[in-house]
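Following this line, the structures themselves.
Both complexes shown next keep chain A, but they swap its partner, so chain B is in the first and chain C is in the second.
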Partner chain A sequence: MKLKSFYSFLTKDLEVIENELLSSVQTKDPLIREAGIHLLQAGGKRIRPVFVLLSGMFGDYNIDRMKPVAVALELIHSASLVHDDVIDNAELRRGKPTVNAKWDNRIAMYVGDYLFARALEIITELDEPLIHRVLSKALVELCLGEIEQINDKYNFDQSYRTYVKRIKRKTALLIAVSCQLGALASGAPESVCKKLYLYGYYVGISYQIIDDLLDFTSTEEELGKPVGSDLLQGNITLPVLFAMQNEELRKKIVKINNQTTAEEIKPIIYEIKKSRAIEQSMNISDRYLQKSFHQLEGLKHGKARTSLYNIAKYIGKRKF
Partner chain B sequence: MMEIYQKLEQIKRSLDQYFSHPVFKQYIQKPVIDEDKLLLFYALFEEAEIADEKKEKYVVTAMLVQSALDTHDLVTTTECENKKLFVERQLNVIAGDYFSGLYYFILSEIQDLKMVRALATAIKEINEHKIRLYDRSCQSIEAIVESIVIVETALFQRIGEHFQIETWPEISKTYLTYKRLCEEKHKYDKNSQSVLTQFQKKSKSPIDLVGTFIECCNHYFWEINKLLEKSLKYSPAVKQFIMNRIHVLRFSHMIVEEG
Partner chain C sequence: MKLKSFYSFLTKDLEVIENELLSSVQTKDPLIREAGIHLLQAGGKRIRPVFVLLSGMFGDYNIDRMKPVAVALELIHSASLVHDDVIDNAELRRGKPTVNAKWDNRIAMYVGDYLFARALEIITELDEPLIHRVLSKALVELCLGEIEQINDKYNFDQSYRTYVKRIKRKTALLIAVSCQLGALASGAPESVCKKLYLYGYYVGISYQIIDDLLDFTSTEEELGKPVGSDLLQGNITLPVLFAMQNEELRKKIVKINNQTTAEEIKPIIYEIKKSRAIEQSMNISDRYLQKSFHQLEGLKHGKARTSLYNIAKYIGKRKF
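Take a look at the complex of A and B:
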């Protein structure tokens, strides 16, 4: 089943969001317009707007209140992708050239800053102070996560806790906040907002663990980059942490550094894939998924809850 | 005047706390504080109708935005063969985003959402015009100057509108534009990368581009002098400070001889 089929009843509202996203990059400057459209049309699942809209259904749903939150979050996500591609020196995203590859790093910085500012212009249409406290705190945390990720590269003395804290900031937080803000904007009760935040948080953690797993288990064609790229770049993910529990394998892994080549790392990737690390990581991802289901149990029945449940399940089973 | 300097020092200490993340300290340069912009933001917020205890936060916020924008100007475009330079580039990207996040965070705490929007609008305009200057799409010296005005002063204009203040945004606009034009002319004279060099390479126009540029510099020089005489009767210390700065700019960059 396709992801979209779980929320087909949102089609009309998602179209509104899509149109708003496109009009948000209609600027006088042709380059920003072109880069903005290039970015938005590169696809993406628009999963954050979906979470905003679904969470909004637990309160007094009104698309006019949902729209600024959904659009702003997607623009923030797009801005962070543009800047991330500069950080990673990436040339392709979703099979299309990145802004830094098509133009250059400086243009990517300016386009990202423009989109981020546009997002803030849009979300400040809502004058609910809590929305802004939550979002601004999350944005600061997101950057702190990125700083940690760079600082922790090739640091093999990391704990499971450090890993979870990092992926919380890197991925889970923006999903959690999408759910929380959707609920807040619709005036849902505080307890509901909290449950939705936690749902998003657990789904986000599960999603990132799967993402980290796929770096080992997928093919180069599916990933759009060589298998094991994360480890080659020094990112210590959960499968690596589990693999290092085997002393022999640990000795090989800790030798990886920024001079290691893709060819040299291949046998290590093979051994990690063969080890129990993949299954152990899968179990942890599953545990977070179960936690997300548990949060949904306390919410009112209906199509929004069913959709959130199905999306989480889909994320847990995705193969690439 | 002494009191102003003490307050500015206090603001710099506050900014320093945000700039001093241990990872930034290890790998990248601390953002350079533009003393002129700091003073002008300070003067602007002094005139705004906001509680005294909040004024410092507003100046810090505006300077964080300025630092975010300036930090992203440091992101290099060339291939980084050196690992250290690559990490430096990565952290410059994140540092700029971090300072941007902080401005939103501080203003959310004091619940001034209109100010968030005013600054966001300015950031948007600044980036549009940075791109025009960077990708050399300006078609004339006048268009270059127009973009410089926005890049250097949009924050002051938007904050001014937000608090309905006219004098300081006008002074900031004229002075900061003059300053940047002088700097660009200075870079041009030193044969380093300037908007003027870039435009000259591209332009096939027979007109004297350097002469036109110097005319613009002189225009802003006379404008800022007139403005200071007219508007700063009651702030002699600040007036003197800016006058001294103009003097330094004019003579150290030798605009006067050529103009």
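Take a look at the complex of A and C:
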């Protein structure tokens, strides 16, 4: 079953969001326009807008109010990808050249800045200061997460806790906030916003664990970038942390540094794939998924809740 | 007379802002904290906070409401400097090593992101959506200005209009918004906010012209960076545009590119300094100053207005 089939009733509204996203980068500046469109058209699942819309269905759903929230969240997500790619010197994203590769790092930096700023501008179309507050706070946390990721590069002495804290800031928070703000903007009660926030948070953690896992188990074709890119770039993810519990494997892993080549890392990737680390990571992901289901139980029955449930389940089993 | 003497009555409130600025970078992350403090302590005139406070005196002045506005504006200014220095590969800023030089470009990018995000978070302490709207819109324009500056590098075919548009986005807008939001946050009438916005806009243009001029006429010691850095980096400023009206000089200037060395550019800097370009630029700056005075005339008499007048006059005559 395809992910989209779980929310086919949103097709029309997601098109509205898509158009709005594209028009958000329609500036007179040709560089921003081209780079922005290139970035947005490189795809992505638009999962944050989906979470916004579904969460909005727990209140007084109105697409005009959902629009700025969904667009802002997706723009922030895109901006963070652009800045990520600068840091990682990444050449490809979803199989297409990155902004830094197609233009250069300086352009990518400002395109990211522009998208961040546009996101915050767009959200101010809504009059609730609380919404602005939540979004800007999430942005601060996101930046802290990015810096932590740099600090923790090639640092093999990090704990499971450090990892979770990092992916919370890097991924989970923005998904949590997508759900929270969708609900808030549609006037859902505070208790509902809270449950949706937590649902998003748990799903986000689970999603990132799977993402980190797929970096080992997927194919270059599916990933749109080489297998094991994370480890090569020094990003220590959950499968690596588990793999290091094996003393032999640990010795090999800690030797990885920014001089290590893609060729040299291949046998290590292979060993991690064969180890129990993949299954162990999957179990942790599952535990977070269960927590997300638990939050949904407190919410009213209906197609929004069913969709959120199905999406979470899908995320737990996704192959790419 | 020193600039500070024009607003000595603000000393205590400026200290409040200064402490708040430093505490805005107090995070658990040691890198952000260190880089943030390094950046803020490198000085700067805090002229944006001064404009916020003085403009606030045209309404119901309250330091608690001025604080988030002043801090947000100064943080955005600092963030844009950090990102500027990444683009320019600048080593020094106000005589001290830049964040990119002391750490690296990646850290500088995220420190800038963090400061942008913090600024927008801090402004949401105030409940008025209009304030959030104005600030985020200014940030969008600022980013567009930065990208224009990259696009226009070593482009010797630009007009006076292009130049003014660029410095509007790069400098004048943030000063205009400092005045506007100071007034808005203190509940000043709309007509007053508008006049202060325009005052700030004209002062900002004048300020940047002088800045661009000082890059030629000042000393390395006063600038805290080599004389003629702008031109060497391909930033075509007003004195250069005027100097190019001389056909002989034009021929030499248009040969400058990103391979030109500091040594090679020295004789050209010398010729620009000796040409009428400096005086012509000064005249344009003066014209904008007059416009700023004109806006002040419509505002109520008092020490705030006197200060704004004196600051503008000082800016027109400043030597560094």
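Definition applied: the second predicted complex is superposed on the first by the 320 of 320 C-alpha atoms of A that agree within 3 Å, B and C clash if a C-alpha of one lies under 4 Å from a C-alpha of the other, contacts with A are read in each partner's own complex, and residues count from 1 in each chain.
Here, a contact is a pair of C-beta atoms (placed from the backbone, for glycine too) under 8 Å apart; a residue touches a chain by one contact, two chains touch by 3 or more.
All figures in this text were calculated on a predicted structure; none of them were measured in a lab.
Q: Specify the outcome, clash or fit, for chain B and chain C once both structures are aligned onto chain A.
A: Once both complexes are aligned on chain A, chain B and chain C clash.
Q: Now for A:106: first (chain B), second (chain C), both, or neither, which partner does it touch?
A: The answer is both, since A:106 touches chain B and chain C.
Q: Once chain A of both complexes is superposed, is A:116 in touch with chain B (first), chain C (second), both, or neither?
A: both
Q: Identify the partner contact of A:258: answer first if only chain B is touched, second if only chain C is, both if each is, neither if none is.
A: In the superposition, A:258 contacts chain B only.
Q: Is A:136 contacted by the first partner chain B, the second partner chain C, both or neither?
A: both
Q: Using the superposition on chain A described above, determine whether A:92 touches chain B (first), chain C (second), both, or neither.
A: Touch partners of A:92: none, neither chain B nor chain C.
Q: If you stack the two complexes on chain A, which partner ends up touching A:32: first (chain B), second (chain C), both, or neither?
A: Both chain B and chain C are touched by A:32.
Q: Once the complexes are superposed, what residues of chain A are shared between the chain B interface and the chain C interface?
A: Residues 27, 29, 31-32, 83, 86-87, 105-107, 109-111, 113-114, 116-118, 120-121, 124, 127, 129, 132-133, 136-137, 139-140, 142-144, 146-147, 150-151, which sit in both footprints.
Q: For the complex, give me every residue of chain C touching chain A.
A: So the residues of chain C in touch with chain A come to 27, 29, 31-32, 83, 86-87, 105-107, 109-114, 116-118, 120-121, 123-124, 126-129, 132-133, 136-137, 139-140, 142-144, 146-148, 150-151.
Q: Going by the contact rule at the top, pick out the chain A residues touching chain B in the complex.
A: 27-32, 80, 83, 86-87, 89, 103-107, 109-111, 113-114, 116-118, 120-121, 124, 127, 129, 132-133, 135-137, 139-140, 142-144, 146-147, 150-151, 258
Q: Note which residues of chain B are touching chain A in the complex, please.
A: Those residues of chain B that touch chain A are 21, 23-24, 68-69, 72-73, 75-77, 80, 83, 86-87, 89-91, 93-94, 96-98, 100-102, 104-105, 107-109, 111, 113-114, 116-117, 120-121, 123-124, 127-128, 130-132, 134-135, 137.
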